[in-house]
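Each of the next two complexes has chain A plus one other chain: chain B in the first, chain C in the second.
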Partner chain A sequence: MSVRPGPQPLNLFVSYLDLLKLASPEAIIVLIALAVLTIGLTGDRSRTFPGIVAVVGIVIAIWTTMRLPQHANLFGGMLVISPLNSLFKIVCLALALATVPLAVSEKSMRNPGEYLAMLLLGTVGLLLLVGSEELLMIFIGLEVLGLSLYVMAAFDKTDARSAEAGLKYFLFGSTASAFTLFGISLVYGISGTTALNVIGLKLAMGSIPPLFAVGIVMTLIGFAFKIAAAPFHLWAPDVYQGAPIPSAAFIASGSKVAAFVVLGKIVLVGFAPAHGNAAWHSMLPGWSPILAALAALSILLGNFVALAQTNVRRLLAYSAVAHAGYTLLGLVAGGREGFSATLFYTTIYALTLIGAFAVVGIVKRETGGDDFQNFAGLASRSPFSAACMSVFMLSLAGLPPLAGFFGKFYLFSAAFRAGGNHGLLWLVVVALFGSFVSLYYYLNVLKAIFVDKNASETRHSSPGTHRFVANATIAVLAASVVLLGVLPDALAEAIAKSVP
Partner chain B sequence: MMSPFLFWIFAILMLVFGAAVIINRNPVASALSLVVSFFGLAALFLSLDAYFIGVIQVLVYAGAIMVLFLFIIMLLDLRAEELRKINWIASAGGIAVALALMFQIFSVVEKFPAAKQSFPPLAKPAPDDVRQIGLLLFNNYTLPFQIIGIVILVATVGVIILSRRETR
Partner chain C sequence: MITLEHYLMVSGMLFAIGFAGVMVRRNIIIILMALELMLNAANLSLVAFSRFHVNASGTPNYNAQIFVFFIITVAAAEVAVGLAIVVALFRLRQTTNVEDITALKF
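For the complex of A and B:
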């Protein structure tokens, strides 16, 4: 097992033109980010023009992603093009596309050019993460994404809470990436390679050395931070509440989707032989009992703490912790079915959460806050936002016929069937219990919207075009949540077909 | 391969001055301790026949980056740091967590058979390791090498965004 690492210059040379062709979505997004940054430099403070450029760039990138070849593998896994990776590159780009209008309609946003540039550079990080099956590139992708998100969280310099959010996210995030890097270095030191599939093959040959176990645990810590699983969730409430709304939406959606895709590949491909067993009566050490413990803790802690929140954004943060727990169920179950369920759920969840944050943004602009009392009377002020918010909340709670129900159904049934002799039943029971608890606080939000009397007067109304952009985004997101609830197969089948 | 005696001298030098970075109340003294610690690290790299990394360590870290550090510290005139009281309970907690983690890692490493073997002699160093590194960077690692450029771009833009003063 002890392989002395020492990569030799191999004849892996790819012509730069081929490299550019295969990495064209990333290259386009970087170029657009630079263009948006330059537009910001011209001193034009309008938010619309940089937004249009960003949207056009992302659409072009989605188009080029669709035209990529079916399969390609550069530099031993550093840039892998497969149906799964291309599908999730498109999902990440779509999530960025949905975040741009939020940033454009944010009235207090200064320097929109710089903000959109950071958003686009963060998107490059997402694309690199999703498109890589090699630990070195995964780490660099995490860093590109992390650095942009820290800046986005601290972007609003007129608000002390935004600075707090940025600082907390930065401190937790950099510590977590230090752990991940240390873990990756241990994995590399023992297996002598950073390519996930080779690590998997090497591990399968012999018993798993204890030092590798340390490497696995340390690598998982960094991802547990990214997906905000308890007990690594401490940053989430402050960041979700304090960061500017588009940043919070992007942190909660894009970053989470990419982290789940990569985490799934790492544990199911790279660490596959160290699976262990999380079944109740036959626990075996490995990564799956660790993830199962994280999942159970996240579900219980997230749901119970969310009950006590009076601020909608903090409530969404704790519910995000719980949802990270549900989503981990699919990875614990493992296999094609479990991984597809995880990917389906995290996509649905990301769409729902961007929508919810968009409604929070509208309420905050109109009433100056995002507590429950600010949501009171939303139904009479703006029936449209109220209706969309109830779609998002009910989907998060997992009620049929919305998309969240099918997401949870796939996850729970994958976990129920996995592990032989229904060994993961305990985890499914915990998750079902958590879902019932969560119904209370989601309905509490709806109660504030529909039942509570309007205490605070509407202070300002947004200008027409920006209000229209925000409403259009919310409408599209709500429609997709409903559509994916009625026709879940449209996405579920695409994911299931692309998972190898 | 250098003698174990020199290894211990440089390792202890590194650790002592590394601790001094944290313990010193004067930021300038902290920064200078970090320079000494970097020199110790460079010596360890040289002892492993990694001449390129050793030289870069001195040139880039001990040289360029630390000089910038010192400039910034002197520009900012950090008096408050010297006066700040140490929160003993918090630091005791932090030390306890660090010790627990160290103990855990050591006890795991103990079980690892390779940890008890003596370190195998390194392969004969390539006579031109700069060339080897260059070839690796531009062949196997072209893509990460270029993407590091994006990381630096993000960091540069981000620092400017965050440090600019804004009036309400």
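For the complex of A and C:
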């Protein structure tokens, strides 16, 4: 086995000032995380002040991301600034911004400073992931994100279910990242480099050795875990149900968006020559048939198991498995069109899911649970939350004119056109069938909200300001889901323009 | 003569033993040790690849050795977080056996 590494890029010497300028969003978030942690440690137990600091910090970071140069590439791809990366840094920061008010309005949350610091450190992981096109940095980003999320999932130390969710997430997550790491080591071994574009070039030159195929499969396993695609989804229901609600919302949104951005870059840039073919009559080995199989399995399993759920958070978890399947369709289709469809859908989905979790949070605070019977009579108790929840549920089900419909439409049409001679039609049919099945359980949630009689009495009502913060977040998220449904081109075109 | 293939075989075996440990063992502490084994398997293969990928100038390809330092650090952080979660769970449940941790079920 003699693989010669090519000439290494020689841009290793950058002044620290330039580095700080280009990495300013990450640097700002780290500083704010430390500031929030200090505020939390000084004994101030109020939830509002650290929250305000975190929000201000994230807004500043968004502003600096917008002012970054158009293109830059440091250390052979470790920090890449491109329109696509900057756009998704902003999306990740916006998702973190939407999660902060959830954490602030969570009444059971002790040590809010520590919690928000973990949230912000997780956000740094998201930014590193989105902003790098090099396997070492991607691994570091995955771990920074993962370690923060494990802590966030296990944060409620009075609740055995939260600790259990944290443990399960940790065990599955660490095993998956060990798989990814071993896969990366094989990919490095064959190609002699960790920069994605160089790996792609090296592979295009010759045939693909079997060891590299093993490397690809093992790398994909780690990402299939992160996006909760079946059969690597086993952690998702327990974590979504057991973790504190803001953690579950962040795990379901931010971590998924970043994972899809990176997975897309890895398969479409790094592993591009090992594409294979997922078309029904002309299957060729490669990563695309693997992703197609994961997608089909996720769609079927997620939707059918979701039918049997009686807990809304578990239902959202199984529906998340199904949505991971739909989102993979774009990557299987490949190309600019497929990748932008995937990115559009995962962004829409993340916004919707944070909103849905925010409503679940309100219901849980008021009735002490998040089963279907706790949602009964929500329409009469709180018409506003009920209306927003129906927007989120119908968008997840993919009904027009909400954002979820256009997301699915872009995805399915990209998959339909790809693969030569409509070869991916089988996958589109599976996905359409899955969305049809999913309508049942989303409407079941709405039936509980609007039709079922109010069995559980309201036990607590949140203090005024926290209730207001939660309601304002939900209103903004619901409005953006409706607006992106009416004007999907606003986001879709920004994404399509930035995809190289 | 020890070649790259020998190193890769050992590292593959280490990884398999680690994964089997994660799957079969019931004590969380042992599972954490098995996880470490999986990470170190990757370390071994990275170092072996680095040693056998000689640059044009005759020096090993150091990228992978730097990678290994990062992995060692990450592994330490991972164990710290893992043990913290185990302690939190032990305070609530008085057990470190994964079979007893079944509050969340289908």
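What we mean here is this: the second predicted complex is superposed on the first by the 490 of 500 C-alpha atoms of A that agree within 3 Å, B and C clash if a C-alpha of one lies under 4 Å from a C-alpha of the other, contacts with A are read in each partner's own complex, and residues count from 1 in each chain.
By our rule, contacts are C-beta pairs under 8 Å (C-beta built on N, C-alpha and C of every residue); 3 or more make two chains touch, one makes a residue touch a chain.
Computed from a predicted structure; not experimentally measured.
Engineer: Could you look at A:111 and tell me whether it touches chain B, chain C, both or neither (first, second, both, neither)?
Structural biologist: A:111 sits against chain B, while chain C stays out of touch.
Engineer: Which partner does A:150 contact after superposing on A: first (chain B), second (chain C), both, neither?
Structural biologist: both
Engineer: Touching A:124, do we find chain B (first), chain C (second), both, or neither?
Structural biologist: Touch status of A:124: first partner only.
Engineer: Regarding the shared-chain residue A:188, is it in contact with chain B (first), chain C (second), both, or neither?
Structural biologist: second
Engineer: Would you check which partner chain A:140 touches, where first means chain B only, second means chain C only, and both and neither mean what they say?
Structural biologist: A:140 sits against chain B and chain C alike.
Engineer: Touch check for A:341: first (chain B), second (chain C), both, or neither?
Structural biologist: neither
Engineer: What is the contact status of A:23 with respect to chain B (first) and chain C (second): first, second, both, or neither?
Structural biologist: first
Engineer: Is A:160 touching the first partner chain B, the second partner chain C, both, or neither of them?
Structural biologist: second
Engineer: Can A:213 be said to touch chain B (first), chain C (second), both, or neither?
Structural biologist: Touch status of A:213: first partner only.
Engineer: Residues on chain A in contact with chain B in one complex and with chain C in the other?
Structural biologist: 1, 4, 136, 140, 143, 147, 150-151, 154, 157, 166, 211
Engineer: Under the stated contact criterion, what part of chain C meets chain A in this complex?
Structural biologist: Residues 4-5, 8, 15, 18-19, 22, 28, 31, 35, 38-39, 41-42, 45-46, 48-49, 52-53, 55-56, 61, 63-64, 66-67, 70-71, 74, 77-78, 81-82, 84-86, 88-89, 91-93, 98, 101, 103-104, 106.
Engineer: In the complex formed with chain A, which residues of chain B make contact?
Structural biologist: Touch list, chain B to chain A: 105, 108-109, 111-115, 120, 123, 132, 135-136, 139-144, 147-148, 150-151, 153-155, 157-158, 161-162, 166, 168.
Engineer: Which bits of chain A are touching chain B when the two form their complex?
Structural biologist: Of all residues in chain A, those touching chain B are 1-2, 4, 6-7, 9-14, 19, 23, 30, 37, 74-76, 78-79, 110-111, 114, 117-118, 121, 124, 128, 136-137, 140-141, 143-144, 147-148, 150-151, 154-155, 157-158, 166, 209-211, 213-214.
Engineer: Show me the residue ranges of chain A that touch chain C in the complex, using the header's touch definition.
Structural biologist: Residues in contact with chain C: 1, 3-5, 8, 136, 139-140, 143, 147, 150-151, 154, 157, 160-161, 163-168, 170-171, 174-175, 178-179, 181-182, 184-186, 188-189, 192-194, 211, 237-238, 241-242, 305.
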